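Below are two complexes that have chain A in common, paired first with chain B and then with chain C.
Let's look at the complex of A and B:
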């Protein structure tokens, strides 16, 4: 048995170029299959992480998925603003434990700027209920002295090299080169610890700051001839009139459906209260078809790779007639020849799968920052999960099945066939 | 990906603010869990239960309404046994139950639609073990094709679709 395996190994090494190319194909296919599974899983996990502890997201009337994507993930189309008094009415509802207003629309070098209150840092939870923590500094003060203070997320600090005490200038709108609120710079007073949620990529300022930087603006541009310096801006009424959305936590979770109906029927203006977890599931339900298609395609790619293995080995058999015949003449039975070919197929598949895992790891390490930046999906390298191990095992099993065909052919080849080739 | 998400988001921009979505064959179930209480809130188009959405015209239709009411009175939901939940209270509101003149005014303006509303409140001895709720509604109401559920509880929120082949809500 050992001799058979050794022979198989040496024979395979002699044909390393063709088998190597097959191996690369299998590795790429395995990596693709694993990547599809991994991205699907991690996308769900990182989206779900970001909404822990929030019972309702309230905003202007759109779709619940759209509202949730914009308010929580700062991605997608902006919704209309809602009035401050609507927010105040919801925040003072007896069933509401806490409410945090959110104001979006400006950016800082590609990172969204979020106007909120210091309560945001107390109430927003991530993962399994962990509160936001400060890696350095503190929350901005919610009063008039803290108007031009900002707290940046860990990614913002890392990418732009910000530390507590630095000054930053906010850009109007989401364009990276949009008009700047250069006359009113912000002082970084806090840096958040990494969370793997959109908070990492957000610049947090107070609601009053959002009002202050737009004091001398109208219609999306600075008013010509009107300059209100930062020091004087504090003298204006900076009470927010509008916000983009609000996060709401309830005293009793069971009230959530009742309060949702109440908010949706609010008479002051058309509001939408969305259950973020429900909206996420609705999104996944609609995406399920896309996911299944991607998965089916990558399974197909694996099958193509393994079919390549079968083809390569079958083609090899013709060239190996003499080799196999000599082995037979030296005393190897058809069983040993069969085992040799199976061993070769399994070896190539196993190496391919291993290389696929390596490719996946390299891909995750290489692309994780980009994926995090573009899509807010936190990809992390970790050992294959149960699901992924099952996928790898099924690739191996299919590889075994794929090498049965050449094995069977070799078994059937007679001794004489190899020793007296017709061609 | 982002574009796909946005596109899909547009596609599934279900007007969640519509107070009364009414789709024949589709019921809605809200599941709220807090501490040891489990509240189930069911909305069914009357059509799914009895096959018509108007006041009963004859004895047969009256009997169908009564039969549907009996099904809902018998609590067609079973929380996972491990949590040892027991029913505390229930409320079943059948339209047209008292004859044609007691028309359910909540649905005025919806002309030819009528909904059954039912709510059930359970108390569970071991709420940490509560991981599922099974419904027998599909066995009794053959015209009910799916139940869109929304859930809020200590395990977070979620949405799921129950069908005759998958009558158990897990989380």
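Let's look at the complex of A and C:
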């Protein structure tokens, strides 16, 4: 039996060009299927790990998914801000342990600028509850001296080469080439350690800074004739009047629904408090149809690849009639002939699946920064999960099924031909 | 006393979905060590007979005994094993696996038959000995079979049929792809080698001119009643 398998291997090697092309097709299909599964999984994981420790996200009344997307993932824009006094009222609610205000809207070379308080660095957690850590430097001061200080995320520092002490100019709005707040540069005082969350791609400043750079602005443009230099800006009242959203942590998580109802019924202005986990579930439910469609398509691509295997092997059989007859004359039974074909099909499928894993790894290494930048999804190479191994195993099983057809035909052929092929 | 290598009695074979049998052979006996020329025009059922002797087909009726064993009484796998152990084949052409070297082709039967492997001793050494004996230059041994000339390929095929000294050699038109001067040389080679190995040789051809040096010449048409019925 071992000898027969060795012959099958040598025979396959003699046809390496056609089988190789089939193998590439299977590899691409397997890589696609794995990539769809991997992106789906990692998207959920990286979204979920960005909201660790936050019990409620509060913003202007909108959809909870939309609120999550702009407040936590900095994707899309807020329709409305909320007033500072609304925030203050929530923050002082007896059930609230901590609250962190968020003010968004400006950017720095494509990275969102987030106005917040130093408490942000104490309360925001990621992954399984780890706090943000500084790779270098410290948090901005949060008082009048710290107005023009900034803390950049790890990706921002890496991509733009920033270190503590560098100067940063903020752009108004989210466009990369928008008007600049060039008169009020910021000094980098801290660089965050990598987290795999949107914090990596964020430029953090104080709420007062957001107010300061907009002192002499109105309606998205500098006021003509009005120039307030940075040094002067400190003398103005920089207390924030509006923020975009707030993250809220509770003393007791059991209070979450009570507080949510309280905020949603707030009389001062229409507010929305979203439970991050529930909002994400809602998001995934919305995307479930898309995910299923993508998955079904990639399954189809795998089936097309394996149908190619069947077709290639069937076409090859006609040219191999003589080979099979020789093996028969040497004493091979139809059973051995059948097994040779199955072994060949399984080998090509298995190598294709392996190559597919390689392609996926290369793809992740190549595209992870882009995906992180564009979609905030943190992709990392790691050993296949149980789910992915099950997918790979089902590709192999389908490859086996695809080999049954040529195997069965070779069986029939070797019985009909005997020692003398009829062509 | 002389043992029979091949003995056929009351053999009838019919192709599937054919009304009349293509073989109907009341009796055929080849003694061990005998070198027989079986003559028959193409389409006379030669290939079918070889398939039956090889055990890849079973007769509708009658017995085919090789070395005293009735093939019809064996199962498919036992017939395959019997063929691997006791029979060497040389065909018309394209005898070899094109992607294996000449040497690997010659030793191939030893991978299918433990008996022939054991009788060959060291398969590689024995294959080399046979190839040398059959006058194939050593520099050709490692070449893929596809790169050899037809004559060289037939000699490799002969070495493959002979390795491990099977009791029966069956040659099916092995010279038809060779030019005339080489035909007789190849036949002489087969006759000499089968004599040296003590093997029974059944040489099948449509070309009666090649029959000169054999112990016995049998015309298939004379022993096959189905063939006669066809002719009438």
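Note that in this section the second predicted complex is superposed on the first by the 414 of 423 C-alpha atoms of A that agree within 3 Å, B and C clash if a C-alpha of one lies under 4 Å from a C-alpha of the other, contacts with A are read in each partner's own complex, and residues count from 1 in each chain.
Methods note: a contact is a pair of C-beta atoms (placed from the backbone, for glycine too) under 8 Å apart; a residue touches a chain by one contact, two chains touch by 3 or more.
Everything numeric here is computed off the predicted structure, so don't read it as measured data.
J.: On chain A, do chain B and chain C fit together or clash when superposed?
T.: Superposition result for chain B and chain C: fit.
J.: State whether A:65 touches chain B only (first), chain C only (second), both chains, or neither.
T.: Touch partner of A:65: chain B, not chain C.
J.: Quick one: classify A:292 as touching chain B (first), chain C (second), both or neither.
T.: neither
J.: Where does A:274 make contact in the superposed view: on chain B (first), on chain C (second), on both, or on neither?
T.: The answer is first: A:274 touches chain B but not chain C.
J.: Touch check for A:382: first (chain B), second (chain C), both, or neither?
T.: Neither partner.
J.: Report the partner of chain A that touches more of its residues: chain B or chain C.
T.: B
J.: Tell me which partner A:328 touches in the superposition: chain B (first), chain C (second), both or neither.
T.: A:328 sits against chain C, while chain B stays out of touch.
J.: On the A-aligned overlay, A:76 touches which partner chain: chain B = first, chain C = second, or both, or neither?
T.: first
J.: After the superposition on chain A, what angle is formed at the C-alpha centre of chain A by the C-alpha centres of chain B and chain C, rounded to the nearest 10 degrees?
T.: About 110 degrees, rounded to the nearest 10.
J.: Quick one: classify A:163 as touching chain B (first), chain C (second), both or neither.
T.: Once the two structures are laid over each other on A, A:163 reaches no partner at all.
J.: Rounded to the nearest angstrom, what is the minimum C-alpha distance from chain B to chain C in the superposition?
T.: So the smallest C-alpha gap separating chain B from chain C comes to 50 Å.
J.: Pick out the shared contact residues on chain A: the ones touching chain B in one complex and chain C in the other.
T.: No residue of chain A touches both chain B and chain C.
J.: What residues on chain C touch chain A, complex-wise?
T.: Interface residues on the chain C side: 47, 50-51, 54, 56-57, 76-77, 80-81, 83-85, 89, 91, 94-100, 108-109, 111-113, 172.
J.: Per the contact definition, I'd like the list of chain A residues that touch chain C in the complex.
T.: 3-4, 6-7, 10-11, 13-14, 322-323, 326-335, 415, 418-420
J.: Would you mind writing out the residues of chain A in touch with chain B in their complex?
T.: The contact residues of chain A facing chain B are 48, 51-52, 55, 61-66, 69, 75-77, 252-257, 261, 264-265, 270-272, 274-283, 285-287, 290, 374-375.
J.: Okay, in this complex, where on chain B does chain A touch?
T.: Residue positions touching the partner: 1-2, 4-6, 8-17, 19, 30, 32-34, 37, 39, 41, 150-154, 156-161.
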